[in-house]
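In this document, chain identifiers A, B, C, D, E and F correspond to the written order of the chains, with residue numbering beginning at 1 in each.
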Amino acid sequence: MKISRFPVPEIATLPEDLRARILAVQEKAGFVPNVFLVLAHRPDEARAFFAYHDALMEKEGGLSKAEREMIVVATSAANQCLYCVVAHGAILRIRAKDPTIADQVATDYRKAGITERQCAMLDFAMKVSQRAQDLGDADFAALRAHGFSDEDAWDIGAIAGLFALSNRMAHLTGMQPNAQFYEMGRAAPPRDGAKR
Amino acid sequence: MKISRFPVPEIATLPEDLRARILAVQEKAGFVPNVFLVLAHRPDEARAFFAYHDALMEKEGGLSKAEREMIVVATSAANQCLYCVVAHGAILRIRAKDPTIADQVATDYRKAGITERQCAMLDFAMKVSQRAQDLGDADFAALRAHGFSDEDAWDIGAIAGLFALSNRMAHLTGMQPNAQFYEMGRAAPPRDGAKR
Amino acid sequence: MKISRFPVPEIATLPEDLRARILAVQEKAGFVPNVFLVLAHRPDEARAFFAYHDALMEKEGGLSKAEREMIVVATSAANQCLYCVVAHGAILRIRAKDPTIADQVATDYRKAGITERQCAMLDFAMKVSQRAQDLGDADFAALRAHGFSDEDAWDIGAIAGLFALSNRMAHLTGMQPNAQFYEMGRAAPPRDGAKR
Amino acid sequence: MKISRFPVPEIATLPEDLRARILAVQEKAGFVPNVFLVLAHRPDEARAFFAYHDALMEKEGGLSKAEREMIVVATSAANQCLYCVVAHGAILRIRAKDPTIADQVATDYRKAGITERQCAMLDFAMKVSQRAQDLGDADFAALRAHGFSDEDAWDIGAIAGLFALSNRMAHLTGMQPNAQFYEMGRAAPPRDGAKR
Amino acid sequence: MKISRFPVPEIATLPEDLRARILAVQEKAGFVPNVFLVLAHRPDEARAFFAYHDALMEKEGGLSKAEREMIVVATSAANQCLYCVVAHGAILRIRAKDPTIADQVATDYRKAGITERQCAMLDFAMKVSQRAQDLGDADFAALRAHGFSDEDAWDIGAIAGLFALSNRMAHLTGMQPNAQFYEMGRAAPPRDGAKR
Amino acid sequence: MKISRFPVPEIATLPEDLRARILAVQEKAGFVPNVFLVLAHRPDEARAFFAYHDALMEKEGGLSKAEREMIVVATSAANQCLYCVVAHGAILRIRAKDPTIADQVATDYRKAGITERQCAMLDFAMKVSQRAQDLGDADFAALRAHGFSDEDAWDIGAIAGLFALSNRMAHLTGMQPNAQFYEMGRAAPPRDGAKR
């Protein structure tokens, strides 16, 4: 199956910085996630996208890395984005050390067995993702009632916003997830032994 | 996690026919799918539901068993039904001998790499599921153009209809899938070696 | 006008149990409601459907028979199901002994002059029918506040679920109501003299 | 049941022209339709409304009077307007000399057994009523293909527009239909003997 | 650009009363707003429309004239009605003596810097405009909590209703705003010096 | 009025590269657009956003700069984003040398008097913006039929995607446009003398 409607560059032909980044990912993951190859068709946009991604997903802050991936999975499922649900679902399973969490959050996060705080986080993220124009002070108050700071609110909303872009790029390009993602993290120990 | 908002009967206390059915499933699958226990709270309704299910899902006809499960997974995902997506996703993986097909059909069947005929089948099923009032002659003609008979059209529509009921019962009861379903069928050989 | 897109069996050719059931209905009602003929094209599915129907609509419980028909009429109208609105509208008029109730509940149950308890029942039923994925504990609490038990909640939700299936079968088959239903129960005494 | 959330004037206290109009309607119909009393709370607006109504509903033109009432019933049902569905449903039954047509058009005009030309008329009216912003040249072409003139298109669209206003006034005021409307025209001869 | 899909009459050929009205508007505004020419194709409907308009927009009452125009602009924007947004946006700027208010109310009235009372007024108007069937006692109570009388509620709802009609007529006719409206009122002093 | 729900940094305190960029914009425009100050609260994200913006909006290609701004205005209006509609509306007026184009594209681009090619461009952009999951080969074919290349399709979709993010950040932060934007470009010569 083609991984993009658009031309996909050879890694060797890419600008040095993108090539280095991709080779580093490949060394760590054992394969090159298709998003790198598909977006690298436009190097300037790719650089900006990955910089934005890292600024939100790799930073310190009030949200755990697993929680950030929950936001990606829940909002991407609402947008029916196959690439993001499958790829970030894998990362979510790994970061949460939970083999079932991604399918739960993707299908219906309200039945996912996550904490009430995490559910409030996803309520906020889904509102930003699906009808941001209705966002109001009450939504921020609901986050605060669960102990989220204003900076956490920015993180939650900005991640939902970044994947509003990312999901649309995946639909535009017809981006296909790598086969490896489907199975990653499914053999982890069951949830009760993990801290999310 | 509770598997139902309503009381869940002990298998030993169930009417003989339901108990026999459940024990047979348990022997075959190695566990009792929660839908049997949750619906058995109302034995008469449970009998009718499983009779309806078998009449549509176990019969011969123009649709393969894997294709029938595709209909269940695609329409249940549109209805955000965790139980049906996870349990029937497992059955779909097994029947299609394809470890990735369920996640693809659940998230965006139009990017699932299925045949055009299967895509037309799911277009029809989704219309029955989500806006049946708009169904018209053109929808039946589209099925015929892909070689489906009128009896196949009934099958497709009736499966979508039955799971419109099933998804609502799952949401009403807060039905949770068994942990086993999440992993079933994921170790099967990759798709290229399988016939769907 | 054709009553179905699919072949309609002769009563004489039907399996004995279905034929007996249909003849019993005919004797009582004076005609054979088209749903029996249309669904009898698939005897196994027809048996399951009618068994499910009777288990929910003919049982004892906290809901009156008129109230159960209200659920059918309100949710079927939301699904634009001509057969169910007209046929169950007739039954509702008869069971409620009220010639105007069905048109009111079908068009806008919130202005139907029913009790607040009945309105809460229909709010719950409509949520199950139209967006069951949003159902939460607050919806069950709202029912309890009007004196409904958990078993009543199951009844309300399951009736809405069954007619989610039924409405889809009617749209799939292009089922037409019998002419008799339109007028049945319209000559009953006005509402004030009736108990619903 | 109250017929309006707002004060309802005594007929005797109304300005002479409105009183004369209402008494004329009462003499002809045998009762005063509630819309006259409810809207007469604001005489200037009432005069404008009835003048607009008569300009569209009582004029000559390419649409029969029954067809104009079909537009009112179909669009008012989409807006869940109890008053307009019930009152204009009665007028439709009488003008079409058909006891079942109103329930059919209100519930699902695509299954109402009307002509293809009438169905095209209602498709156009429903688009004006529900998403007028999407109206384009193709919609006018579809009308012309069924023999409608441009003036007919104006009539269809303007009736849908006027009842967009009327339905909203009915919801604003909580307007209730007179009991008489529910039964009017239901004893007419069956459809086959009538010309619509 | 054509201002209407339908024939546009010459002013000289119009009935005396419409001609007089149009010439009076022209003298005051310096041009003839296209709505007069487009609707005058049907003199009886035009008279009724303008009578209805004046009864609601020119009367005394609890709403300022600027506030009435806010209702028109907000609801017309929701209906994507170019004529009404541009023409009434101009009138709103003039009546509010505020060059930015119209763009704000049209795009997102919740961020328009208007008073909470005005925001409640627009919440009510938008509900009448977009989903009047959901209007209930709580909506009227919300208005009262901001000091609106029941007569004010009628005004707000009726203006939203009238422009539900007006917006549909503009889409039906493909009505184009006069070029003059785009710029009118944009040079007014900034908001802080004005009373709305 | 506050321009953000979050802290807004002093320009002097910003990292050198952001400060230099902002001062350059200020020198050119005569003021600092609020988006720079609001997003600079998070310097890493701000850098990525502006890099992405420039990669799409400042590049050469098949779309004129005015056309790119049309995409921003149309999709931002659909998302009710006050900042983007007002700020990019100003830029659109200037780049198109047309004082009315922004209000037209924001309210209803199908009535904006733009070319059919531009209308096809906005149809595609709106689909990416509002329901990207439905994007299919037919949508790309429609672009090609108007002479757009595949690279143009990427540009159109990516701009719609970037502003899906941008609109959500504006709603998250409650971003307010500078007063200057409302009036910019409104005194330009009328459209007929301009090339878009």
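Criterion: a contact is a pair of C-beta atoms (placed from the backbone, for glycine too) under 8 Å apart; a residue touches a chain by one contact, two chains touch by 3 or more.
Every value quoted in this text rests on a predicted model; they were computed, and no experiment measured them.
Undergrad: With touch defined as above, tell me whether chain A and chain B contact each other through largely the same residue numbers, more than half shared, or through different ones.
TA: same
Undergrad: Relative to chain D, which chain has the most distant C-alpha mean position?
TA: A
Undergrad: Between C-D and A-F, flag the pair that has more C-beta pairs in contact.
TA: A-F
Undergrad: Taking the mean of the CA coordinates per chain, how far is chain B from chain D in Å?
TA: Taking the average C-alpha coordinate of chain B and of chain D, the gap between them is 44 Å.
Undergrad: Which whole number of Å gives the spacing of the CA centres of chain A and chain D?
TA: Their C-alpha centroids are separated by 52 Å.
Undergrad: Whole-Å distance, chain B centre to chain C centre, using C-alpha means?
TA: That gives a centre separation of 25 Å.
Undergrad: Could you tell me which residues belong to chain D and also touch two or more other chains?
TA: Chain D, residues with two or more chain partners: 80-81, 108, 133.
Undergrad: State the interface residues of chain D toward chain E in the complex, per the touch definition above.
TA: 5-6, 41-42, 44-45, 47-49, 51-52, 54-56, 59, 79-81, 128-129, 132-133, 135, 140, 150, 153-154, 157-158, 160-162, 164-169, 171-173
Undergrad: Under the definition above, what is the set of chain D residues touching chain C in their complex?
TA: The touching residues are 1, 77, 80-82, 85-86, 89, 99-100, 103-104, 106-108, 111-113, 174, 176, 179, 182-183, 186, 190.
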